[in-house]
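For reference, the structures are reproduced in the following blocks.
There are two complexes below, and they share chain A, which is joined by chain B in the first and by chain C in the second.
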Partner chain A sequence: MALGPYLFLATLEGLVQAAVLCITAAGLSLVFGVMRVVNVAHGEFVMLGAVIAWFAASLVTGHPAIGFAVALVISPVIVGAIAFASERLILKRLDYNPEATIVATIGLLYILQQTVLIVYGPDARPVDPPFYYTIRFPWFGYSSYKLFVIAAAIVIMGAIWFVLQKTKAGLIMRAAQFDRETAQAFGIPVDRVSAFVFAAGAGLAALAGVLVVPIQQAHYLMGADPLLLSFIVVIIGGLGSMSGTVVAAILIGLSDGILSVMFSPTLAKMVSTLLVALVLVFRPNGLFGKAAR
Partner chain B sequence: MHRDSKTFLALSRRNILKTAGGAAALLASPAILRPGFAQSGTIKLGAPIHRTGIGASYGRWYERTATAAVKVVNEMGGINGRQVELIVEDDGTDPKRGTEVIEKFASQYKVDAVFGHLFSNVVAAAAPRAGELKMPYFICSEASLLGAGKLNRYTFQPGITDVRSQVTSMAPWIGDTLGKKVTMIYPDYNFGHDHRDFFTAAIKAQGGEVVGKIAVPPTETSFTRYFPQIPPSTEVIYHVMVGPAVLTFVKELGDYLGSQRPEIFGFIDSLEGVDFATPQLGFLEGSYFWEAYPRYAQANQSEFDKFFREKVGVDANGASVKDGKDISTYSHMFSIWETLFVMKQAMELSNYKGEAQKKDLVTAMESISTLAESREHPQGAKLFNGKTHQVFGSQNISKVEGGKLKVVHRTSIEDGLYDTDADYTKMAL
Partner chain C sequence: MLKIENFDAYYGQSQALRDFSITVSPGEVLCLLGRNGAGKTTALKAIMGIVPPKRGRISLGGTDLTGLPANRIPKAGLGYVPQGRRLFSELTVRENLEIGLMTRKSGPAALERALSYFPALRERFSQRSGTLSGGEQTMLAMARALCIEPSVLMLDEPTEGLMPSMISTIRDVVIRLRDEGVGVLLVEQRIDAVLPVASRIAFMDHGEIKAEMEIDAVRADPSILKTYLGVGH
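And now, the complex of A and B:
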């Protein structure tokens, strides 16, 4: 294949990856920004979203698009509820202590993973895309659903921006993020905000899971990759900075896509990790992060 | 921390006694002592199964097949008048866990033999330990570890052929029928490397060449990025993939290639446990697959195949009789069935009664040569090489027709024979 189409395919693959990564990492970044909690179980929420999408698709008969639409709605809600409950039962009781919450979310990771293994089984199960059409370029074919994922991600990121910047809920979240104690002094129920933010973060992860499952397959171990990449994105973008997250997700997604098509996926992972190391050395707060006060 | 240590020191004597008593009761409970109390007077066989991890879809069916085979053996009166007890442990398809499970079988369950290990990375790690423990270890893996002389006297593969034999026997057909310029897509670990090395040599002997070699990590979930490496001169795409993402792999290959595809020759591994009646797999129509054992019952189905399907609970389409969507790993799982019957044969030859005769079992295995097609060996007749501990048999090449696989060529046993210097009988027992 000539260099042009080669690069075109690489860019497409990179953009799809960036799209999914954007949504996942936004959830992680939101949770850290508001709660200062490093949620190691974040990848498992992606997995839960995908698994619930499989259940929805297999219970709803008729056109695959119906099952997919149902999954888009119920998956984030169910996963959000699970996250809400675990925040109330675990994180709140640990007083959001940074070290303790890391250990607790590692525990949560295993609980979720093993529960899914028991209930859903060890198999990877496919979910049909809502529509199936292959776009034929002169050099190769490409699934139109993947392009839909890119569009969906743009819409979702727009919605997140709107909620954070233009609504009262967003204002409250930003206030809690900016200065927890002052926000509390001004009558913001920071404690309840935390629970809702944790649920919203998990819901975003679940949404990413639903979007990705027709491309991959639902599997109980699928949470590891999104977790690692989200951490990379969030560290590069600056913990808690939403715009930084978007820029870093596109950067990592594209570099990963292009490097893995042009060279090898292993090299792509190496470059991402190297980038994290460089950012940590030269800009410890990330490209867009602000120094902790 | 200070507070904690104080609390600990302040534990009353009564509390400490209570805790210790509780711990003792727990340790003595049947849950912990179970292995020690296993039934005596039976032949105990350990089966390390990939219940979880990347080999899970195989593991589920290997367990069902092994259970069915043990039931048949016990109905036949057991082995040397003893009933067979099957002990299954999950190894997570993980080399480290696989080795630990072998140790557990040896020291806790004190089994007579271990059988059924599949994934070659797990086998490569576990076999040396089995050899050290002098535990007869019967593998159902396909990597050419035995023929390469890399394993030991206690390791046998009597139920399925190895990759070297498979590709050697099929390369002439591929070169003559499909094309001579081949691009290979294979998993990046020793099973895949065997495909790469032995097929490259085999097609070269036919005057062909491998024009592209694409190695994919077995845990990969996205594949489109690998396909641009397929050179335009490719006449045949040769694919063999394993792991939970095989369906994604085949779908993405279809998306990428479209109708202008070269010939495709795949190992059924790429679609084991996967339903062919998936709309996006339509592009495979007219492509070819290797099958050790045809998934779809063929027109000339043998009575042995009928018997095997009935006992394991598989219908004529290779799906579970209970759930038509639960597709079996039909082309591989017969190996654990056949392995058990070879073990039975060797135990009967050596009049095996218990642990003390493990060495006799090994030498009896080494004396076995021909295995006739039968209920015990439904896949077909085989030839066992006592020196290399490896079995040889026939391969099937099937064409996808109407969403089903139809056998178009079956190799002879001789097509797959190869020379090797490996001779385990020279190793100390």
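And now, the complex of A and C:
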């Protein structure tokens, strides 16, 4: 294949990466922004979403699209409920202390991982995409499902933007994010908002897991990469800044995708990590971040 | 009427409020004075439940609010203008006011009323509140608190760092609120900032109220101030 088409293919792969990363990192960013909690277990929520999608696909008979549709609905709900319970039982009791919650979410990471290992086993299992249609470009054919993932990410990010900017719930979340104390002085139950946000963040991770599993297979250790990459994205974008998260996800997704296809995945990860180091040195608050209050 | 009885509050081991008791009746302005670090802000935060008191009782209009979580206290009708204004600076003027309206699910009439005190804010509706001038930010912080239609309004050093013209605007609003029957708890460091509006004055030091007096007594014999303020003003 000539360089032009090859670069085009790599860009498409990068955009798919960016799409999934956008959704995952948006969840992490939301949780950090509102709760100031660094959720180390975030990648496990992606993994849970993927594993639940596998269960849905194998339990629901008929066309793969039915199982997929079921997974799209139940995965975020189940994972959100697990996150909600973890928030009430663990994070709230630690009073959202920044250091303590890091340790606690590391614990949560292992609990979720090992539980899935026991229940689901050590194998990577594929899930059929909901449709197989291949789009024929002049140089190569490309999975329409992957293009669907890009479209789905755009829709989901649009929905997040709408909720945050245009609804009452979003206004409450933004107020709680900027100033917890003053938010309470205006009747906002910051505590319950936190539980809801933690569940919503996990639900987004699960959604990313469902979207990615037809491309990547479900495996109990698959949470590590999304965790690392979303951390990179959230740091580059600026902690708690949603627009920064989107820009950084596209940047990292594209560079990771293109470098992986054209050179090697290892080089891609090196470049991403280097980018983080550079950002931390020259813009410690991220590209779009503001100094913490 | 806001009634605070025997509040004790702590930051860790250190006691910041000792046996703090006050009442604010409808249509009066109680001024809380004291040096920097006397515990004035802590007193307001304890009332709001942000620094929960370890001991004591609070009631508003006869309703017992003791031990309620911080987000429930404003719903009883307690408005709060924190020190330094504490606007949601990334949010627009309109959004800041909407948050005030949400507190007690107030309708558009409450917004109109709040804006009637500060008509200048109307032109700034879609501006990010962090970009307002200092005076406008204070007006917004007050309007946001008025959106909850408070029966008692607490103001923590609202005139700090403002120009004289703005200070007199705020003073006029306080007087208007008082005359409309709102109880006002006004915190300031300097006596001259409150003399024209005060009904009563309470002096605070080391987390305690050292003295409380009617404004008439102060006007009759200004020398009693010297005892509490060190130098005569």
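In the analysis below, the second predicted complex is superposed on the first by the 293 of 293 C-alpha atoms of A that agree within 3 Å, B and C clash if a C-alpha of one lies under 4 Å from a C-alpha of the other, contacts with A are read in each partner's own complex, and residues count from 1 in each chain.
Throughout what follows, a residue touches a chain if its C-beta (ideal position, glycine included) is under 8 Å from a C-beta of that chain, and two chains touch if they have at least 3 such contacts.
Please read these numbers as outputs of a predicted model, since none were measured by experiment.
S.K.: Looking at the overlay, what does A:219 touch: chain B (first), chain C (second), both, or neither?
M.R.: first
S.K.: With both complexes overlaid on chain A, does A:257 touch chain B (first), chain C (second), both or neither?
M.R.: A:257 sits against chain B, while chain C stays out of touch.
S.K.: Please determine whether it is chain B or chain C that touches the greater number of chain A residues.
M.R.: Of chain B and chain C, more residues of chain A lie in contact with B.
S.K.: For A:168, using the defined touch cut-off, is the partner it touches chain B, chain C, both, or neither? Pick first, second, both or neither.
M.R.: After superposing on A, A:168 lies in contact with chain C but is clear of chain B.
S.K.: Could you look at A:179 and tell me whether it touches chain B, chain C, both or neither (first, second, both, neither)?
M.R.: Touch status of A:179: second partner only.
S.K.: Regarding the shared-chain residue A:189, is it in contact with chain B (first), chain C (second), both, or neither?
M.R.: In the superposed model, A:189 contacts chain C only, not chain B.
S.K.: Based on the superposed arrangement, let me know which partner A:6 touches: chain B (first), chain C (second), both, or neither?
M.R.: first
S.K.: Which chain A residues contact chain B in one complex and chain C in the other?
M.R.: Chain A residues touching both partners: none found.
S.K.: Contact residues on chain A for chain B in the complex?
M.R.: 1, 6, 9-10, 13, 17, 117, 121-124, 126, 132, 134, 136, 140-143, 215-217, 219, 221-222, 225, 257, 260-261, 265-266
S.K.: Going by the contact rule at the top, pick out the chain B residues touching chain A in the complex.
M.R.: Touching chain A from chain B are residues 51-53, 56-57, 59-60, 217, 220-222, 224-228, 232, 244-245, 247-248, 252, 255-258, 273, 278-280.
S.K.: Contact residues on chain A for chain C in the complex?
M.R.: Contacts found on chain A: 168, 171-172, 174-175, 178-179, 181-191.
S.K.: Note which residues of chain C are touching chain A in the complex, please.
M.R.: Chain C residues touching chain A: 48-50, 69-72, 74-75, 80, 82, 86, 88-91, 95, 98-100, 102-104, 144, 148.
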